[in-house]
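The letters A, B, C and D name the chains in turn, as written, and every chain counts its residues from 1.
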Amino acid sequence: MSLIDAPMTPLNEVRKSPSRLRSLLSFLRKHPQAAIGFVILMFFVFVAIFGPYFAPYGEREQVGPIFGTPSSAHPLGLDDGGIDMLSLLIYGARVTLIVGFAGAVVAMVVGGAIGIISGYFGGKTDNALMRTTDYFLVLPDLVLMIVVASIWGRSLRNIIIIIGLIYWTFMARLIRSQVKVVRERAYVKRAQALGATHTRIIFKHVIPQIAPLLLAQTVLMVALAIFLETAISFLGLGDPSVTSWGKMIETAFSRSAISYGAWWAIAPPGIAVALVIMAFNMVGTAAEDSLNPRLKVSHLSRRHFRLRPLPDKEAPK
Amino acid sequence: MRKRLLGIILFGAVALLAACGGGESTTPGGGGDNAATGGAETAAIKEGGIFRLGTTSNPDSINPFVGFSALSYILWTETYPTLVQYDTDYKIVGDWADSWTTSSDGKVWTFKVKANGKWSDGKPITAADAAFTGNLVLKYGEGPAAMMAPFIAHSTKFEAPDATTLVITYDEPVANVLPQLQQFFILPQHVVEPIIGDKGKGLKQWDPMSGGAQVGGGAFYVKTFEKKGTTIIEKNPGYYTTPPHVDAIGLTVYQNADAMLAALKGGQLDSVDTMPPTLAKQWSTDPNFTLQVGSSSFIYDIPINSNQKKTDHRELLDLKVRNALDLAVDRNQIIETVLNGYGTPVATMFTDLSSPYNNTDIPIPPYDIAAANKILDDAGYARGADGIRVGPDGSKFDWEVIVPENVEGIDRLFEILKTSWAELGINITAKKLDSTAAFEAIGAPDWKYLDFDLAIWDWVGYIDPDFMLSVLLCNQLGGWSDTGYCNPEYDKLYDEQGITLDAEKRKAIVWEMQDIQSRDLPYLWVAQKQSISAYSKNWGGLTEPFLLGMSKIPWDTIHQTG
Amino acid sequence: MRAGWSYVGRRALFALITIFIAISLNFVLFRLAPGDRTSALRCQGCTQEFKQQLRADFGLDKSVPEQYVIYLNQTVRGDFGRSFVTEQPVISELWQPIKNTLPMILLGTIISIMLGITTGVIAAWRRNTLADKGTVWGGLLFYSLPTQWLALMLILYLAGPLNLPTSDIADPYLAYSNAGAWAEFVDRLKHMILPAATIGLVLFGEYTLIVRSSMLEALGEDYILTARAKGLSNWEIITQHALRNSMLPIVTLVFLSLGFIFGGTILIETVFNYPGIGLQIYESVGNRDYPVLQGAFLLLTVVIILMNFLADLLYFKLDPRVTE
Amino acid sequence: MTVLAIEDLHVWFELPDGKELHAVQGIDLSLERGERLGLVGESGCGKTTAILAMMGLLPPTASAAGRILLDGEDILAGGDNTMRAHRWTDIAMVFQGAMNAFDPVKTIGSQIREPMQAAGLAKGKAARARTGELLELVGIAAERQDRYPHEFSGGMRQRAAIAMALACEPKVLLADEPTTALDVMVQAQILELLIRLTDELGLAMIMVTHDLPLVSQVCQRAAVMYAGRISEIGTTSELYHHPQHPYTRMLFRATPDLLAERDVISIPGSPPRLDQEIIGCPFRPRCDAAIDTCAIAYPPTRTAEPGHLSACFVEESA
C-alpha cells in the first residue's frame, strides 16, 4: 500500500460488513422468496458436486428394458437406453449448472468490462461500444446461436462461449449506466484529481461499487444460460459426450418418449430445469430489488382505511 | 440425414460403375408389364382413394437437375418414365422399355419403348423425349446437368429414329448400363426445352411446378409440392402400363417421428415409412395397424482413420488395436438398446439386400472385453496412472470420435461404445457435427485424412455391391472415402469384379475383397437396422419393400380394402 | 409538434443505420463461415475447373470489397441470391415459412398479452393477496419453463384430450378434397392452437411479472391519488390512468419480444413440426444453405430493428412527453 | 355558518414491524364559509395526514376515529363509503407538487373533466366549455386544455390543479403546500389567485404549509400543529402579534420574513417520532422555555383571547 492510498480511501465507500455469511443470512431473512430459491439452489449444487457419489446407478449403465416404467428400484423409471432416470438426473445436474455458471460468468466478464469501459471513459469510446452493443442487441439470439454452434462445432466450451457472447449486451448496458453514476461521485473525482491511474480507479473504486449489481445480474443470467443450454441441446447442438438435463429432454424427444407415453423420461429433466431457473430468478430478483428498492406505496387498494372508536380521553390537566 | 446420404450414394454409385467397362451380352427384356398378381391377397380391392404417407425424410427439390435427397428420387421414379426398373425381387426388368438389344461390341444399346404413354398434359411420350433428355444432359453434364450425368456416363449420343426406338451409344462397353438407366429420368421435351436458357443455367432454376402442376409421365404427376409439408401426386391418366389402384398419394414430411405417429394414430395418415425401433414393439400389438419389418438398408459403422500418414494417435493404425476394438463392440447390447431388438449384428459392409454378395463366412466378433484387453496388453500398450493406455510413442488412448447429427440413435451408440471401451483403458470423446461438417472433419485437412481418429456413421446398403466396394478405393481419397484407406491389392480386385460377368466368379471376388477388409478393419461394422414401416389395416397389397426406396413402389397392387 | 417529428426522424435514421450495419456484418459473418458454396460439393464431375467455373458464376472469384459492393447492391434490390439446395430465390424460400409462422406468433402473443395483462393487473391491484402471490409464482414458473419442454408437455397431456393435431400447419387433404373455406380455417386454427399456446404461456410468465411491476409503479404515482380524490371508481382509475401509464414499458416489451419470437420459434416449430421460419432456419443450418441462412438472419435482424422502431413510434404515440 | 368541523380526529398507521404510529392525535377545527384557515407545522407533524383524512384518502394501513362534519353531517361515520360521495363535489384538493398530480399521458382538460363526468355534472361539449371557463378563471387560455401536463410550466400546472379542484364547485378546498417548488413571483400569483377565488366563490379553504408568515398573508386564521396535535390556533394577526406557544414563536422566526429583516433562526432538533407514546409536552426537548411540568403532562388548552387557544404551560408574554 502506498502512502497515497490513505487519503484516497473514502469513508463511505469501504463498508466493511461484519461477515459475508451474516449479510447473506440477513438478506435471506428479509427476502423469504430468495431464501426458498437459495435452499433449492444449494440442494442442486450439492447434487451437482456430490451426486456421482450417491447416484444409485451409472451414467451409462443399462439396468433394465428401454422406457422401463417407474418402480421402487427406479423411482423415475428408465430412459430409452434402459438407464436409470434418477441417476441421469443426478449426473445431469453438474453439467447443467456448470454451463449455467460459466456462461453467466463469461457474459459478466465481457459485458462488465465493456460496460465499465464505456461508462467510465464516456465520449467516443462509449459511443463506439454502445453502437456495437446496439447491433448485438438486435441479433436474433437463438438463430445466431445455432449458426455459430454449427460453424464451431458442438462442445461444452463452445456452448459456454456462445451463451456468454449472446448475453453480454444486457450486462454491458446495465453496468454502463451504473458506472456513469459512480463516476460522478466525489471520491472518484478526488482520486482522479490526485492523479490515480484509470486502472487503479476502476479496480479500487468503480468495481467495488457496482459489484453487488454485477453479482445480482450474474445470478439472473445463470438462469438464462441454463435456459439456453437446454435450447441448444434440444436442437442437437449440444455436447454429445456429456449428460445434461437439456440433452435428456432432447434424447427423450428424438427417441419418441412422447409417442411411447413415457412421461417419466421427459418430465423430470424439465421440472429440474424449471426449478433451478426459478430458484436463480427468485434469488436474483430479490437481490436486484434489495439493491434498487421500490418503496412506493400503492395509492390504490382494494382495502380502505378502517374506523375505530376514539381512544380513552385523558382528562386534560 | 440417412436418406440424403442414400441419395448421394445412388448417384455416385452408378458413376463409378460406369468406369469399369464390361461385357457384351444381350439381355432379354423383362416383358414390360411386371404387375404382380397380388398373390395371397384376400381382402376386396377398392379402387381409388388417396394413400396418405408420412415420412421423416424430406424431398429437397423436384427439379432433377437440383435435388438429390432419396425422397426426391422416389418422387421422380413415380412421376417420370424410366427405361428399366428393379422389380420386387430386385431384378432389372423393363419399365417404359419393353425390350432392348446390345450391339456386338457392347457400345450401342437399342431400346424399344411403349407407344401408348402420355404426359399428364396429354402430349405423347416418345423416344424423342428420351433422346432430348439424354443429349441435354450430355451437353450440360459438366455444368447445370451434373446431377443427372452419372446415369448416362460414357454415353456419347442419344438418337430416336422413330417414336418407339431409342438408341444410346457409349464410347466403351459398359457392363452396368441398366442399373444406371434405372435412375435416368426422362423429361418432357416440350416443357424443358424452353427453359434451358443461356449455357443451360435455366435448368438449375427450373421450377417444374411453375405451370401449376408438374408435367409427369410416370404413374403419377406432382399436383402440389411442399418441401416441408405435404406433396400430393395424382394418377397420370396417360400412364404407359398398369395403372395404380389409388387416385393419388400424399406424402407428408415430419421433422420427428412422434408427430408422424400421432398423425397415423389419429387417422390423418395411412402409413409411415419409418417406425422408430423404440416404439415398434408397442405398435406391433395394435390391431388397427400392420407393422412391416423388412430388409435392412442401414448399417451402423465405425470408420477408423486408415491413412498410414496419420499424424497422431498412430496406435489406431495397429491392426491389433483394431481387433481389440472390434471385440469390444457390444453388438448385442447396441441392437437391444439402440434398435430395441430390430436389427442384427454384422461384420461386413453389406446388408441382406446385397445377398449373395454378402460374405457370410466372416464371423461376427464376439463381445469379449477380456480377450480385447489381452490383445492390447500383449501388444505392449500399458495403462497409465489414470487407467488410460499409452502407446510406446507416448500417445494416450484418448480419441476423438466424429459423430454426425441427425442419425437416429447415434448418441446412444456412442455412449455404449464409450462405456465398453472404457473397460479397455480407452477414453473417447464425441465431436458432433452436421453431416457436411462431419465429412469435412474426416477429410481434414484438405482431404488428406491426417487429423481424425474415429467416427460413427450410418452406411446405406444398396442392392448392387459395386458402389459400396468402391468407397474404399485409393482413388476415393477426397471423394467418398471416410477412412483414408488405400490398398492396391483391394483396388485390383475391384477392377476385376467390374468386368466379371459371371455371377459366381464375381461373388468370389467380392467375398475376397470383404476378407481383406475384415483383416485391415478400416471399418468396424456394428449392426444393420431392419426397416420398419406401418400402415393402416384399411390398406392392402403392401409388399415388403414398398417403402425402401430401392425399387418402384408397386402401386398396381396397393389398394384400399373394402 | 415539430420536435415530435424530429424524434421520429431520429429514430428512423437510427433504425436505418442499424439495418445498414446489420447488412454489412451479415456479409462478414457468413464470409467467416468455413468453406464456400463450392467446397462442400462432392461429385464425380466436380473437377477443379468445374468448381472454378461455379465460383465465377457466384462471383466468388472477385475481391472481397467487390463482392461486398455486389452484395450490397443485390440486398438493396431485395435479391438475396438463390438457395444452394433448391436453387430457388431465397426470398421465395423464406416467404412461405414466414406466412406460416406469422399468424401463429400473433395468436400466441395475443394469448400472452391478454393473460398477462389480466393477471398482472389483478395482482398489482390486489397486492399481497393470494391472487397476487399466485400470479407472481405462476409467472415465475412459466417464465422458468424450457419452451421445448412445455411444448412437449402440451402434446403429452393436452393434445389427446382436446383432440388437437400436434404437427404441421393444416390437414393437406382438406384443400385437396375441397372441404370449403370454413373447414380449412377451423383446421388451420386447430393446428395453430398448441404452438400458439406454448408461445402464449412462455411469454405470459414474463408479461404478467412486468405488467404487475409496472402497474405497481404506476399505482404509486401521485396522479392515482389525485384520481381517487376526484371520486373516480377503481375501474376508471385502473383503466384510465394506471394501465394507460404502465402500458408504456409493456408495449416496448411486447414489440421487442415480437421481434425475437420470430427466431425463437425454432424450438416450438421443431416440436410441432410446424413449417415456419424457425424450421426453415434449422434445416438450412443442417444443409449449410448459406444464402437462405444469410437471408433469414438478415430478415430476422431487420424485423427486430423494425419492431424496435415500431415500439419507438408507439411510445411516441402513447407518451406525449417523448419529444426530445 | 360552519361548513366543515373536525372533532377529535385521530389517525393511526400500522407499521410493518407491528407497531402503530399515532399520526393525528385528536384535533378540533372548524371552518366558516369563505374562510381561509392555515394549517402550519414542520413535516411529520400530521398536517397532510389530517387533510387526507378529510378527503378519506388514507391508505389501507390507516385507521381513523373522530368526526368530520360537513354541513353538520358526519361524513367519516361510514368510512370510505360515506366519504366517497363527497370527494371533489364537496371537498376538493390541490395537491402538493402539481407536477405529479397530473397524469402525464392525458391532456389537462380531460383530467379536469374527469371528476365532472364521474359526478355526472357535465358531459361532452358542456364539460369542455366548463373546463375552458375554469381555466380562464385561473388565468389560462381555454384552448390550452388540450395540452399535456409537461407542456405547462410549474405555475401553470398549479393553476390548472386549482381549476381542476374547482371542477365540481366544492364547498371546501384543501390546499396542500400549493406553492412549494415554485419561484417567488409565481408563488405570489398563485396565492393571490387562491385569495381571489375563495372570496369570489365563497369557498372555504384549508391551506397546509410549513410557512407561517405565508399563512398570515393569505389566511384569516391559522392552526399550528405539532406532533399530531394542535398546539395553537387563532387569527393570524393574533398569532403574529401575540404568539402563545413557543413553537409558534419559533416558527415565525424560522421563515424568512417578507416584511421585517429579522435573522432567520432555525428550530433545533426535529419533531418526535409518533410510533411511541410521548409523556409530557412533545415540544419540550426543543423548547427554549420549558419548565419541569412540561416533562410530566401534556399542557392543557388555554384560551388567551376568544378563539385564540394554545396548549402550553408557560404563559407567553407579548
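What we mean here is this: a contact is a pair of C-beta atoms (placed from the backbone, for glycine too) under 8 Å apart; a residue touches a chain by one contact, two chains touch by 3 or more.
None of the values given here were measured: they were computed from a predicted structure.
K.L.:
If you take the chains that touch subunit B and keep only those that also touch subunit C, what is left?
P.N.:
Neighbours common to subunit B and subunit C are A.
K.L.:
When the C-alpha atoms of subunit A and subunit C are each averaged to a single point, how far apart are the two points in Å?
P.N.:
Chain centres of subunit A and subunit C, defined by C-alpha means, are spaced 24 Å apart.
K.L.:
Measure off the straight-line distance from the CA centroid of subunit C to the CA centroid of subunit D, and report it in whole Å.
P.N.:
About 53 Å separates the centre of subunit C from that of subunit D.
K.L.:
Between subunit A and subunit D, what is the gap in Å from one C-alpha centre to the other?
P.N.:
The mean C-alpha positions of subunit A and subunit D differ by 50 Å.
K.L.:
Give, as an integer number of Å, the spacing between the C-alpha centres of subunit D and subunit B.
P.N.:
The separation of the two C-alpha centroids amounts to 91 Å.
K.L.:
Using the touch rule from the top of the page, what residues of subunit B touch 2 or more other chains?
P.N.:
Those would be 256, 258, 262, 405-406, 434, 437.
K.L.:
Enumerate the residues of subunit C that touch no fewer than two other chains.
P.N.:
34, 155, 221-222, 225, 228, 270-271, 285-286
K.L.:
Provide the list of subunit D residues touching at least two other chains, using ranges where the numbers run on.
P.N.:
Within subunit D, no residue touches at least two other chains.
K.L.:
If I apply the definition of touch given earlier, which pairs of chains qualify?
P.N.:
Per the contact definition above, the touching pairs are A-B, A-C, A-D, B-C, C-D.
K.L.:
Hey, which residues of subunit A end up touching subunit D in the complex?
P.N.:
Contacts found on subunit A: 297, 299, 301, 303-311, 313-314, 316-317.
K.L.:
Along subunit C, where are the residues that touch subunit D in the complex?
P.N.:
For this pair, the touching residues of subunit C are 221-223, 225-233, 236, 240-241, 244-245, 248, 318-321.
K.L.:
Where on subunit D is subunit C touching in the complex?
P.N.:
Touching subunit C from subunit D are residues 55, 57, 84, 87-89, 92-93, 95, 97, 100-106, 111, 114-115, 118-119, 148, 150-151, 164, 167.
K.L.:
How about subunit D: which of its residues touch subunit A in the complex?
P.N.:
Interface residues on subunit D, with respect to subunit A: 8, 10, 12, 26, 56, 58-66, 76-77, 79-80, 297-298, 300-301.
K.L.:
Give the list of subunit C residues in touch with subunit A in this complex.
P.N.:
The touching residues are 18, 21-22, 25, 29, 32-34, 124-127, 129, 140-141, 143-150, 152-153, 155-156, 213, 216-217, 219-222, 224-225, 228, 234, 237-238, 242, 259-260, 262-264, 266-267, 270-271, 281-282, 285-286, 293, 296-297, 300-301, 304-305, 308.
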